[in-house]
Each structure stands twice: as structure tokens, then as C-alpha cells.
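First subunit A sits with subunit B, and in the next complex the same chain sits with subunit C.
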Partner chain A sequence: MSVLRPAGEFDASYAYDMATIRRPWQWAALFLLIAALYTLPLYASQGLVALLNRTIIVIIAVQGLNLLTGYTGQISLGQAAFMTVGGYISALLVNLLNWNYLPALLAAAVGAGVVGLLFGLPSLRVKGFYLVMATLAAQFIIPWFTRNAFHDVLNGAQGLNVRPPELFGIVFNTPQRYFMLTLTLLILTTVVAQNVSRSRLGRAFVSIRDHDLAAELLGVNLFKYKLQAFFLAAVYAGIAGSLAAHQLRHLNSETFGLNDSVLMLGMLVVGGLGTGMGPFLGAVVIELLIEAATVLGPVVASYFPSTATGAVQALRPLLFGLALMLFLIFEPRGLAHRWQLFKAAWRLRPFSH
Partner chain B sequence: MTQPEVLLSVENVSLTFGRVQALAHVSCEVRQGEIVAIIGPNGAGKTSLLNCISNFYRPTSGRIRFAGRDLARVPASRIAPLGIARTFQNIALYTGLSTLDNLMAARHIHMKSGFLGCLLYWGFGHREDLAHRLVVEEIIDFLEMQHIRKAVVGALPHGLRKRVELGRALALEPRLLLLDEPMTGMNQEEKEDMARFILDTYERRDVTILLIEHDMGLVMDIADRVIVLDFGKKIAEGTPEEIKQNPDVIKAYLGQEHGTL
Partner chain C sequence: MNWQLLPQFAISGLLAGGPIALMGLGLVLIFKASYIFNFAHGQLLLIGTLLTWWLAVEIALPLWLSILLALALSALLGLVIERLALRPMTGQPLLAIILMTLALGQVLQGVALLLFGSTQRNFPQIFSAANPYKIVTPFLYNERNITIILKQNLVWSFVAAILGVLLIGAFFRFTRTGLAMRGASEDHELAQSIGLRIHRIFGISWALAGVVAATGGILLATSSGLDLSLSILVLAAFPAVLLGGLESIPGVIIGGLIIGLSQGVVSASKVQLIRNASEIMPYLVLMLVLILRPEGLFGQKRIERV
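Our next item is the complex of A and B:
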């Protein structure tokens, strides 16, 4: 059994089989979609673009979580904490050291990644529930650190005012301009996530998720690959955190909290763990739900005046909780699974019914 | 004719779980190019022995050497690169992956793409995947699994899952293949297929095989040598013919229900 064999038509057909995008029309459609997205700020309302920015940032963070939880099977409640790390790193580098945004973003990604890796160390000894507890520690330690350490730099509970990014002489200070940034990064993170999932690395991740003991006997170094998954997830969180901080122009220990970590885990479940589409579908559906709650809140309140403020505040977590429960019961494999079924049916059309 | 070299040597291995003595001073050897079967009643310690050889359990005492190397110093994830592959009594596939990806995942040890290479998946990473895809397709053809190439293995019937697991072990290109009850739970036809695959593997892939099997007929057909365990002890060892006539073996087997030799 030799790996070295003359390339032939098999190679071509396997390459075709392995490609994510196979047909010319699919490339064309993708290209058009991206072009349409880049020109979106020209005609979409400012509110919609701002919502899209927010959603894209969440998608990036959930993509990272997906690599760790969806593919590698390591449940983490620390994603928002690593966003905090990324946010602080790039905010400080831009604010204090006048760094250009690109290197600052890179530093935020790598810095968050390293912190994520450290909090991933317990995964080598514990699994499941205990690991959740260990990642939860990040969610307490990191905000505590930003509140209490290096007060003259981090400014304690007050936090930081963050400058908008500036690149090539353009200041990204409107939602429309910011959209160029978020969209570009989303394309990058999506390509990288896709590459991971189809490569040797992704297969090692999934082996650990599906059967860690067998994976080890088949030569997968659990130590190495779990840490790589934690690192990658936190890199994604770092990017998302940095984007969010520079968009909000403000950052403190409570900007990204435990509830965000829970929300992102919920998005992943709703969208579909361990699928490329999952983070997109989950984030969009939950963000829409939250938007709906914001719009519906006052309406509900007008029907139940006695509980007015309570109803508005309760509606979001209520809808989120309800959506999560319904999905766990009726579509535990997430929307991405539906999407797969739909695609399969589409390929079989005229014969499907 | 000189004897082929000793590939695996188990030297005085004991394994205890609390008060249970799973293995008691077991010694045996497997030579390059043999098919050796381990038989014995349920709970005799067969799986435990395999687990020790694949470094899944560490023996309480004794030593196991593979190709001259003491396995005590080898971490579990280095066992496959040394050339030992195994299947599991209770099937341990990557249930969420397709047959193809289960086999591709086993190519891990033969691939070199690093962390950054996988993130970029450009040039080398992609070419490497293609090259290994060819190896994997060859195994898929060999085990007649073309029809389930893209099927998620968690949903496959038991017999096919056993076959995928054999395929995954072969994708490691091992020198020593450990099979833990490869035919349990199969119907007669599936068993015959599996026996054929095991023999073909042996002949075509230059691999030494150590297998645990309950079906005596099959063991007698395919094994060069048989090792009999009972209550953690090795009670007999020899050619199938010798084993059939061994009074200790007959006694051990008469003691239990399926006492047919």
C-alpha cells in the first residue's frame, strides 16, 4: 500500500468529490452573494446594517465555539470571557500604543487563543460536566482580572473607551463602513473553519469527540489536539471580541458575560453542532428572536400593564429558553440537519415528493 | 528454515482490578506472519490481554515487548505509529463520521499536515488528503464497502460496522492486527465474509494477526496457533489440533454452557 502513485483520473474525481464547492454555478452564486453583501450598505438601512454587524460578530464567536464544542466535543462556557480578552488586547494596543488595527486584531486573536489554551488545560484530565465547570472559571476569573488588576491601564470596573479602527486612512466609524470589516473577517473565519473541518485536524477533532479512547489508540495525541481546539476557539472569540469592542467603542468587564456564553452555546445547539452552517443558522435565528422580543416587548407590556417592565425584560430569555427547548425536543441535530435534508431532497427533485 | 522473528512477546503479565485477577502471569509470543487465536470462556481475560497489548491498560506486573520495544514506556497515542492496530469487542467507531472519514481519520499517523497547514488547506494539505484518499479507497474496495462509503457509520447495521472497524484498523497499515471478537453478533453469511476478509488481509497485506474469537470452527480454520485462557491464566497453547485434544481445555469448556469444541 503505497501513497506514492501516479496521479490519474481518480485523483481528479476524488478532488471533485472532496471539494466543498463543486459546480461552476455554485461558484457563481457564491460570488454574486458576496458581491451583493459588500454592496448592501449602499441600499440597506443603517439599523439593518448595525444588526448585521452584531450578528456577524456573534457568528464568528459561535464558529469558534463550534470547533471546540461541535467538532471536538469539549463543552465550554468560556467563549464570552475570551471575547473579553481579545477586546481588551486590541483596545489597549490601539488606544495606548497607537497600533494599526490589523496587527492589533492579530494580537487580540493570538492573545485570546493563548488564554483559551490555558483554560483548556483541565480538559486533559476532566470531561463533560467537570470541564464545563473549569471553563466557567474563565468566566469569573477574567472579568475579575479586568476589574481589579492593573487599574491604571485597565481602568477597573469603568473599563475603556475604545477608538474605532482605522485602516488605510479610513476610519470605520459608521455601521456601513464597519460592515466591510466584519464581512471580510467572516469570510476568512468561514474559510478557515471549513478547512479545519475537512482536513486532518478536523478529523482528529471529531475522533476525540466521537471516541476519545479509540482516537488515542489510533494515534491521535489527545493532549495536543484538545489544546489546539481550545486555542482555535479562543482565537475566534478574540477576533469577535475585538470587533465588538471597537464597534461599541466601549469595553468593560461586563460587556461580554456568562449569559452571552450560554446564549452562544444555545445558538450552536439550535443551528447544529459540528456543522459548517450551524453557527450561521443558530446565530441568525436567535438574533431574530431577540429582535422580535425587543419589538414585541412593549406590545406584550401594553396587554399586561401590571407587569409592564417585567414582561419586556422577561421576554428575551423566555423566548430563548423556549426556542432551545423546542429544538432539543424536535430537532436535536439543529437547523443544519434540516438544511441537509432539504439539500438532499433538492438534488433528487423531480423524483422527490 | 529459520523461525520468523518474535514480533510480540508477553512476559509474565498480571493485571488486577481490586480483587479481580483479570490476568495471572500470562506469557506468550507471537511471531511475524502468524495468525494466533486467543480463546477462553467469558471473563477469562482475553479482552484484558488485548487491552494490555494496545496499552489501553497497563499491566500490574510483567512486561510486553513489541518488535523488541518495551511498551511500558510508550504512551497510548504512540502505539499505532509503532504498528499495532486493533478493533474493539463493542465497536468503537467514530459514529458521527462516514465510512470514508473513519478510514481517513485513521490515516492521521501517516499524514504530516500541521496546524497551520490544515487552517490554510492549500497546496500540500490538499494534495496529501488526495494521496491518502487513494489508499483509503483501496481498502474500501478490498472490504467491499463502496455502497456505504458516504454513510454515517452510527446508522449502519452491526455487521457492517464491524467491517468498517476492520477497515479503519487496516488504514493504519499495522504490522500487528488485534481483533477482539470480529464476528460476534453476526449471522453465518456475515461471519464467512469476515473470515474471508481476515484471511485476505493476512495474505495480501503482510500483517500478523492476534484475534479473539468464540466460534471454534472458524478459529480452527484460520489460526496457526491457539492460546487458551481461563480465569486469567494461560491453560494451554498449541496448534488447533493439539488444543482440540487437550484435556484441560476440554474441562474448561465443559464447565460452561457452550462447551462445544
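Our next item is the complex of A and C:
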């Protein structure tokens, strides 16, 4: 679909062919959008900004999952566990050692990445279900570790109270201020993800996904690239986990659970596997769905008096699961594919082909 | 290691392995027939058990009747799931199928929560909780024989679970349908070309899996009570299945027993950290299996190492 260019626009150079942003007006629109987002906290309500913060954090984690599952084709149910690792590392560094947030964030990213490498090791020998089980093991072993090991530092099942991050003398203690942090990091992670997917690394990832045997015959070092994909995914999870921990101000072994891992995989499929847009579309749509569950909850509760308090908790998995099932059956390529189809149809208008 | 406690914990763990094996059997059934690893098994089990509870306590039917009815309804649920959710996925990539069963699990969890709420229920007692069995071993500790105390429900759950697994095993071995299912699991296209109705076989295996899940749930609920966390217990069955080798019915018994035993042995340790490790023991075993012997103990060596 990407070959579909507007009439009269030719790829005169290789760089132009690869470019994501091709036209001056697109640059202008992008900068306008970014400027609008940065000034958003000035006029948006606190609740909206908090929702955006949450969504951005999820987007970052899903972007990492996209590199691993979308591009490399390695299914992972461990993304939330790596978020836990990142969250704990940066929380401990800031709380106990009074580190500045920036190095703490870096340490969280790298630490989560290393743990991700560890659980990616079985990918040397197994794939498919077996790999899912290995990542599922991460999802159990890591929270268990935070509950039971090093009680005096990790504080067991109680978890930690996390201080708000501090950078250059600014304390990010309100959703509005925090938004600056999350937005900046989202821009960074998006640029990195986009460039990884278009470079040698990304091509190797895609070749592994599409046909691992052929890829190896062509000289792609499977083990190396699979581990790099695991590392990158876990780094993204570490960043997201650190951001989430400092936003929630509290962290324990159940802050990010198996359900979050499933949720993130679902977002990826709804948005579109292996596309740059996918994590954005999927995370936004599913977050909106979850918000809808919160609104619909009381209405549904009136029909099911036996579970009046649990209606919201029941609707979330119900709506998410139904949406995911419908997408898997009717549009397995996700919303990003729909968007491409829509753009193509718009360009070809009024002709249908 | 707390030696005088070891026999007690080891045998309790072994007995707990019976229900684990039964839960694993439901996974193996579906995997054998259709190469689908069913992540919604826990929720299937939860719904079956909640139905039993609802029929026996709310409707006040006799227990045996409500169990039979709940098993029938679970079989029906399995059929419906196969028809509505899994059949459209035929020929789709692995990720889509795994996600479909995960999504199914979410939906079933939501339905269970909506219809039954999240409160802890008292499941009707099937086996008497008083009068545990006592076994006096010849081993001495402090001049006294070590006595092993076994709760009745643990023993009978174990017996029922192993009977269930053997029954399904016999079904596979000795009946025509079982033969057809084994044939279908070898090669879908070949099975179809000799006139086996492959979709019917998938349907039957999902219905059977529903029955097996409900049975496992009922056995678990008699010992650990009934609430929504029941579906999480199934996650201990995944490692058992992988350890046994994914497609092997004897394998799933051995796998379940090994997982149960390892949990029991670890609980007998004197170090608290190791004692607490009993809840993740299945996953530590799993990591070992994946790294050392991914095909499991009795599985076919079909994993490609690319």
C-alpha cells in the first residue's frame, strides 16, 4: 500500500523513498500538532491530562511490544513484568539513592532490558507456544521476586511509595507537569521505533517474522536479532514502567499484572501489528473502551443487582475481549490497515480501483 | 530441609498433582485435536464450577444432578466456543489463535464476574472434611513414628482426577471417535480426505474439554473454595502439560504429579524464601524444561530449531 503515492510525486532519491514525512506541509502539520500537545495542559482539564498520561505510558509499552511481536513475530506475554522491573529500579534509585530522574530512568530502561534478555534466552531453542510460556513464566517469577526477595529494600507485597521525579529543579508532581515528561519521552521512543523499523535492524526483524529459516539462510543471525528484539521491547517496557510508577506514586507486585500484558497484546492487534501507527491507534481505542466501561458500569449494574459493585470490573474485560475477538475475525490487520485503505480510497476517488 | 515434615508435604503435593493433571488434560485434548493451546481453559473451568454452585445452592437441586447438568452445560459452552470463536480462525497464524483464546478468557471472566459477582462462595462439600486419613510410617523422629495426615477431599480429588484422565485415555484408545480424533491430530487434510469430519472432531474435543474443565473446577472448589481466582490456578497446569510433552496423556499425569510433588517438597524447606517459592515452582520447572528439553518427557520431537 505504501507504493500508492499521490499523482505526480516521484521518489527521486532513496532517502526520499524511505522518508516517513515527505512533504513540507506534513512537517508543518507535525510541528503544529506537537506544539498543540505541549500547550494542552494550559487549557485541558486535569482529568483529561491524567488520562492522556496514562495512554502515553501504555503507548510506549505497546511500541516496545510492537518491535518484538509485530516486527519480529515473537509473541510475548511478559511486557507487564518488564514494566515492573523498570518501575522498581527507578523507584529505588530515586527513593533510596536520591538519584536525579534522568539517570534513574536510563538505569530502569537498561535494567529491564537485561531482564528481558534473560527471559528471551529460550527463544534460542523454542518458538510459538513454547516462547509464550517462557514469557508467561517471567510474568510470574518477577512479581514473585519483588514480593519475597530482599524484604528490607523491596518491602514485600506492600510495595513502595514512589517519589515524584525531579529534573532540572522542577518537580513533576501534577498531571500537567508530568505530561511534559511523558510527551517528550513518547516523541523520543516514537522516533527510535520508527527508525529501528526502517533500518537494517528492522529489516532483519521482519525477515525473522516472515520466514525464519529463509532469514537464517540469507545470513541473518537469528539468535542475535531475536535477543536484540527482546532487549528493545524490555527497554521500552522499562521506560513505561518507570513513568507509570512515578505517576501512580505507588508500586507493588500487582501494579502491572498478566492482564496488562494481555491488554497490551490486544491493543497491538487492534491497532495493527508491525505498523508505526498501530500502538497509537490500539492504545487510544482500547483506553477509550475502558473509559466507556467506567461510564456504562452503573447502567449495567442496574440490570444485574447481584453484582452492582463489580459491574465496571466485569465490563472492562468483557468489552476488551469482545473487541479483540471481533478484530481478530474481521480485521486481523488492525486499524492501521483500515487507515491505509481509507487513504488509498481517498486518493483514488472517485474511482474505486 | 525439614526432614520430619518432608514425607507429609511430598505426599500432599503429589495428591495436589492429580487435579493439576486433570486441568492439563483439558489443554492436551484441544491441542491434540486442533493445535490450539487454550489460554481460556481457566475461565472455562471457572464458569463450569460457578454453574454447579448456582444449580446446587441457588436452585437447590441435588448435588449429583447439578453436577451432571453443569457438565452438560459446560460441554455445550465448549461447542459454542468452537463454533463462534475458533472456527473462523482456521488457517490463521499462531499469534491470532493465541490471542483469540486470550480474548475468550477475558470475555468469559467478564461474564462470570457480571453474572456471579466476585464474592467468595461456599461450595457444597462433596467429601467430608473431618476424619482425615492417617498413615503411620516406620520412620522415627524424636522416638515417635512420623504420621502422615491426609485430608479426605485431597485423596478423593486425586482419585477422581486420575480416574478422569484414565477414562479419557481409554476413550482415545478404544472408541471409534477417539480413533478419529487421533487421526485428525496427525494431519488435518489427510483426515478430511479419508472422510473424517474435522470440524465435528474439533467440536467434540472442545465439548470434552469443557466437561474436563468443569470436573477439575469442582474438585478444586471442594478443597480451596470458590471465587474468581479459581481461573488462575489453571496456570499451574500449563507447565505440567509442557513437561509431559503437549500431546501425551500419560505425559500429562506424570507432568502434573511432578509439578505437585515439586511444590510440596519445596514447602518442606526451613528457609522462608524457598518455602514461598512453591507458588512459582511450576514456572521454574517450566524454564528448565524449555531450556533443557523443550519437547517434554513424552512429546514428539517436532520443534524446529531455526
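FYI, the second predicted complex is superposed on the first by the 331 of 353 C-alpha atoms of A that agree within 3 Å, B and C clash if a C-alpha of one lies under 4 Å from a C-alpha of the other, contacts with A are read in each partner's own complex, and residues count from 1 in each chain.
Criterion: a residue touches a chain if its C-beta (ideal position, glycine included) is under 8 Å from a C-beta of that chain, and two chains touch if they have at least 3 such contacts.
Everything numeric here is computed off the predicted structure, so don't read it as measured data.
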Subunit B versus subunit C as contact partner of A:192, first or second or both or neither: first
Touching partner for A:140 - first (subunit B), second (subunit C), both, neither: second
Partner chain in contact with A:68 - subunit B first, subunit C second, else both or neither: neither
First (subunit B), second (subunit C), both or neither touched by A:91: neither
Partner chain in contact with A:336 - subunit B first, subunit C second, else both or neither: neither
Contact breadth on subunit A, by residue count: subunit C or subunit B: C
Partner chain(s) touched by A:201 [first = subunit B, second = subunit C, both, neither]: first
Contacts of A:216 with subunit B and subunit C, given as first, second, both or neither: both
Partner chain(s) touched by A:328 [first = subunit B, second = subunit C, both, neither]: second
Partner chain in contact with A:125 - subunit B first, subunit C second, else both or neither: second
Set of subunit A residues, in rising order, touched by both subunit B and subunit C: 213, 216, 222
Touching residues (chain side subunit B, partner subunit A) in the complex: 54-56, 76-81, 85-86, 88, 92-97, 101, 104-111, 113, 115, 117-121, 125-126, 128-135, 137-138, 168, 172-173, 205
For the subunit C and subunit A complex, residues of the former touching the latter: 37, 85, 88-89, 92, 94-96, 98-100, 102-111, 113-118, 235, 238-239, 242, 246, 273, 276-277, 279-280, 283-284, 286-287, 290-291, 294, 303-306
Touching residues (chain side subunit A, partner subunit C) in the complex: 69, 73, 75, 121-122, 125-130, 132-134, 136-137, 140-141, 144, 147-149, 212-213, 216, 222, 259, 262, 265-266, 269, 273, 300, 304, 306-307, 310-311, 313-322, 324-325, 328-329, 332
Of all residues in subunit A, those that touch subunit B in their complex: 1, 3-5, 10-11, 14-15, 18, 192, 195-196, 198-204, 206-207, 209-211, 213-222, 228, 274
